[in-house]
Amino acid sequence: MKKLINKPEDFVRESLEGMAAAHSDLIKLNYDPTFVYRANAPIPGKVAIISGGGSGHEPMHAGFVGKGMLDAACPGEVFTSPTPDQMLEAAKLVDGGSGILYIVKNYSGDVMNFEMATELARGEGIRVLNILIDDDVAVKDSLYTQGRRGVGTTILAEKICGAAAEAGYDLPQIANLCRRVNLNGRSMGIALTSCTVPANGTPTFQLSDRQIELGIGIHGEPGIERTAIKPVDEITEILTRSLLEDAAYSRTLREWDESKGEWVDVELTNLPFAKGDRLLAFVNSMGGTPISELYIVYRKLAQICEQQGLQIVRNLIGPYITSLEMQGCSITLLKLDDEMIRLWDAPVKTPSWRWGIS
Amino acid sequence: MKKLINKPEDFVRESLEGMAAAHSDLIKLNYDPTFVYRANAPIPGKVAIISGGGSGHEPMHAGFVGKGMLDAACPGEVFTSPTPDQMLEAAKLVDGGSGILYIVKNYSGDVMNFEMATELARGEGIRVLNILIDDDVAVKDSLYTQGRRGVGTTILAEKICGAAAEAGYDLPQIANLCRRVNLNGRSMGIALTSCTVPANGTPTFQLSDRQIELGIGIHGEPGIERTAIKPVDEITEILTRSLLEDAAYSRTLREWDESKGEWVDVELTNLPFAKGDRLLAFVNSMGGTPISELYIVYRKLAQICEQQGLQIVRNLIGPYITSLEMQGCSITLLKLDDEMIRLWDAPVKTPSWRWGIS
Amino acid sequence: MLTQAHILQWLQAYATEIEQNKAYLTELDAAIGDADHGINMDRGFKKVSAQLPTLTDKDISSILKAVSMTLISSIGGASGPLYGTWFLRASTAVVGKQELTAQDVLGILQTGLDGVLQRGKAQLGDKTMVDVLSPAVTAFGQAVEESKGTVEAMQQAVVAAQMGLQETIPMQAKKGRASYLGERSIGHPDPGGTSAYLMLKSLLEVLET
Amino acid sequence: MLTQAHILQWLQAYATEIEQNKAYLTELDAAIGDADHGINMDRGFKKVSAQLPTLTDKDISSILKAVSMTLISSIGGASGPLYGTWFLRASTAVVGKQELTAQDVLGILQTGLDGVLQRGKAQLGDKTMVDVLSPAVTAFGQAVEESKGTVEAMQQAVVAAQMGLQETIPMQAKKGRASYLGERSIGHPDPGGTSAYLMLKSLLEVLET
């Protein structure tokens, strides 16, 4: 294992310290428990948005804390969900009196830890809602699996909900918006190489020089299929078709019901993309793939969308939700409406994204 | 070789096509000869800034074309300087009547091709000046070498000069500013892994799992020393000390003399950094190193600067001047003054950087 | 009779077991998950081990509860809330008790399992720790019904746990990360099931010495 | 006498030579440069090869000039301007000539070298193509002074070029990318010197057949 690190056990902390030092005007780092929060939190009257998850996906999530996006991010150990005390303490610190939305990726660990945090926060009288993101079409059904994982759509939801919070939306409105973003987003990824968890020291899986792993998540876990390396146009075609041909997807997710004061099962359905849809197209590097290659992916993706009568009205290309140094990419397509476009374009100022603002 | 590409010979073109498709509001792509230019070029009365160099360093340079930065970028083949016809045609297209500054990295190929382009453009009555960037302290002297290479300071000069052009500076003023930026910048880099030139198919050099290459350039060429992998704090210390302890550096560079109408040798000297200096600190990924590791580098860099009484007033952390998928990083320190800070902060809107502007 | 001292010894023994099996558990997780289970568990139980000296004068329920809080706030991932919930619920089963009868131990095992089921929503056969914990409870319950003592009941529970763990090998995972692998999850033991088996085995070993 | 047909044959032969040595030249460049010299040269001379059919009725100077433009706009890197300048300057040495005497060929070699020196500012011993081109010019000039014919002069030039190339091996580079390596550049032949040697060798082979 060759990495720019000191001791593996210090990786997460030192990386966060560097980020906090570099962006002290935007974010602060809390220790024991660990979380990153907006330098000017709490913002009275504003709904606060908190996300979190394992580390190793940088810049997600800490890189998205700041004006117009997240109020706090709770980083776990590498590829390991953070713990409820982090989420609870973050909620206490950033609560501006209008409640908190937890945006949670649908992994068993994340779901369970955020559920516990929601229960704890509710117990302490903090108004928390909890929306799951499950957009990874590589996971086919939810009956025989944990259900689809939360990947690329997560940060799009964070941006859009962050802008809504800034614009004065209330908590139920933001939760509804977040759910709508999730129901309009689909993602799928591939890996050319594995990554190495610092504490582990050896690559999580082995691929030969002629193999790729299709349908991977973001934790270095193997994907749904191992196949031969192909020209990127073919790979892009496989990924894009998987997104475009994905039929209506129904599943049951747990959400907190405020009126009942308990968890309820909510039946939700993603509708397939259709001709004429306006899309945000997001080509993401898994960490070790250079932007030059991402643009080749985008080139083909744009061609396919055009052929299919889909209109890419916004795009995002870069390493934003990564798996350490893994080579590979993921594609996320998000169907947009006027409101989502307005919120996407709204000003943002975080360590990673900064637009519409000085 | 495993990459997200189609045929190696199409790598550069397809990547540029993807970039142009993704950012059609900002940039356009010219074929035969190849260059990328601002969608609204020429801008009457504004000095135009053109840069260029081999491909494989993305987002540099095409990703920096747009408002407040470059008017055109001339990409060569991978790690190969572009050709004079690209630079000449780009100059013709973006010339707004106030002349052109070529910002050139000090590699023999870049220097010679840009010199030929300068002569050709001058021959066609276009007012062109030509400033070299040579900031890589890994190259010790200029007597026994080609002289220092141009690395990280290049894009800082592009940003600062681009803002100056936008603010109405004239050509000699911008050339002076560019020279001043170069004389205030120092860089050094290391590699954990080699990279693979697509047309070549095998890694340019081989490093064992315990070795790193110190003092590399940005073309996958070996560095000045091969050494054992160390904790990143030690690596950062080596790089930072090389920058801070670099003595006054004098060398002769060729510039075009407008009054004489010919090339003249100019003697230039970088002064060492000194206590109290205000710095821009730039931690750059070579392409395959994730941002989490860059922040660990920044953490130590900031500590050292503070100990040395140097004040980091701006920072930049990310993959901006890369060597394909190489793992490793470089550090650039640029001494700032009020004017440079103002120009650095000025609005920019390019495929890669976007701030202070919608 | 299972005493407070047994509980403390067991927690220490299990922490040691986890430390020794850290690489193995992680390797199992690399095959069908994300290569961190051993690292996660070891992080949590190192904390527990450090905490034990502060618990020597606490009653059993308080010890279990304190351990659960440590696990919840230090393991993370899927196993953090699950083991945390197991210990938290277990603590509620033995409130005020200074020594545990076989019936009490059954209460711990049963309530702990219930907590895991409620939190994780896994069913038998989903290839999770439930496939180890559940047969162990059944076997222990059976032994208690047959009026066996704690040690013997625990022996049967560990045998059942081991068989349950074996049976996870041919299963296709339906919960947790391994479920994303579909059929590729077949042929490997479940990491969380393995750590759960070690937990029961550690308890037995403490009782037997 | 060196005819227009010889020139066309030579350019084709050199293009083929470069294609065959593409990997080798690149490998040499990987050792002390950036692993692209063969790729660069092949890109340029493939264009030249495609262009040759359009040049069959042009005079020698025009052919050399057309080739130089192609090289300048397609090779890039350090070798593009250098070979481009070599051919551009060479073309000026033989304006209006339909056939070339040994003296004319010397003119080509000398003017070409002067162009390379002016453009690249390298000196003898800097480990560049100059270390191959320069001794070749000297040898050719000497032969001409001794009233040798073109073929014989060229034979001596190629021998000198080959020796010059050998001598680049122990040199430490002072120009071009290889110079960054410092002492690590020692022990490898110069890639551009190698392609320059092949250029002269191709010309000789055409003359000899």
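Every chain is named by a letter (A, B, C and D) in the order it is written, and numbering of its residues begins at 1.
The working rule: a contact is a pair of C-beta atoms (placed from the backbone, for glycine too) under 8 Å apart; a residue touches a chain by one contact, two chains touch by 3 or more.
Since the structure is predicted, the reported quantities are computational estimates derived from the model, not experimental observations.
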Minimal step count in the chain contact network, subunit B to subunit C: 2
Touching both subunit B and subunit D (chains): none
Chain located farthest away, centre of subunit B as origin (C-alpha): C
Where subunit A and subunit D are represented by their mean Cα positions, the distance between them in whole Å: 56
Geometric centre distance via CA averages, subunit C-subunit A, whole Å: 31
Centroid distance [mean C-alpha coordinates] between subunit D and subunit C, Å: 76
Subunit A: positions in contact with at least two other chains: none
Residues of subunit C whose C-beta touches two or more other chains: none
Chain contact graph, described as a line, ring, star, complete graph or other shape: line
Contacting chain pairs - touch in the sense defined above: A-B, A-C, B-D
In the complex, subunit A residues that touch subunit B: 1-7, 11, 14-19, 21-22, 55-56, 58-59, 63, 192-193, 209-210, 212, 229, 231-233, 235, 287-300, 302, 315, 317, 319, 322, 324-325, 327-329, 345, 354-358
For the subunit B and subunit D complex, residues of the former touching the latter: 33, 54, 76-86, 107-109, 112-113, 115-116, 138-140, 144-146, 149, 197, 199-200, 204-205, 217, 219-224
In the complex, subunit C residues that touch subunit A: 26, 30, 32-36, 39-40, 43, 72-82, 84, 119-120, 172-177, 179-182, 184
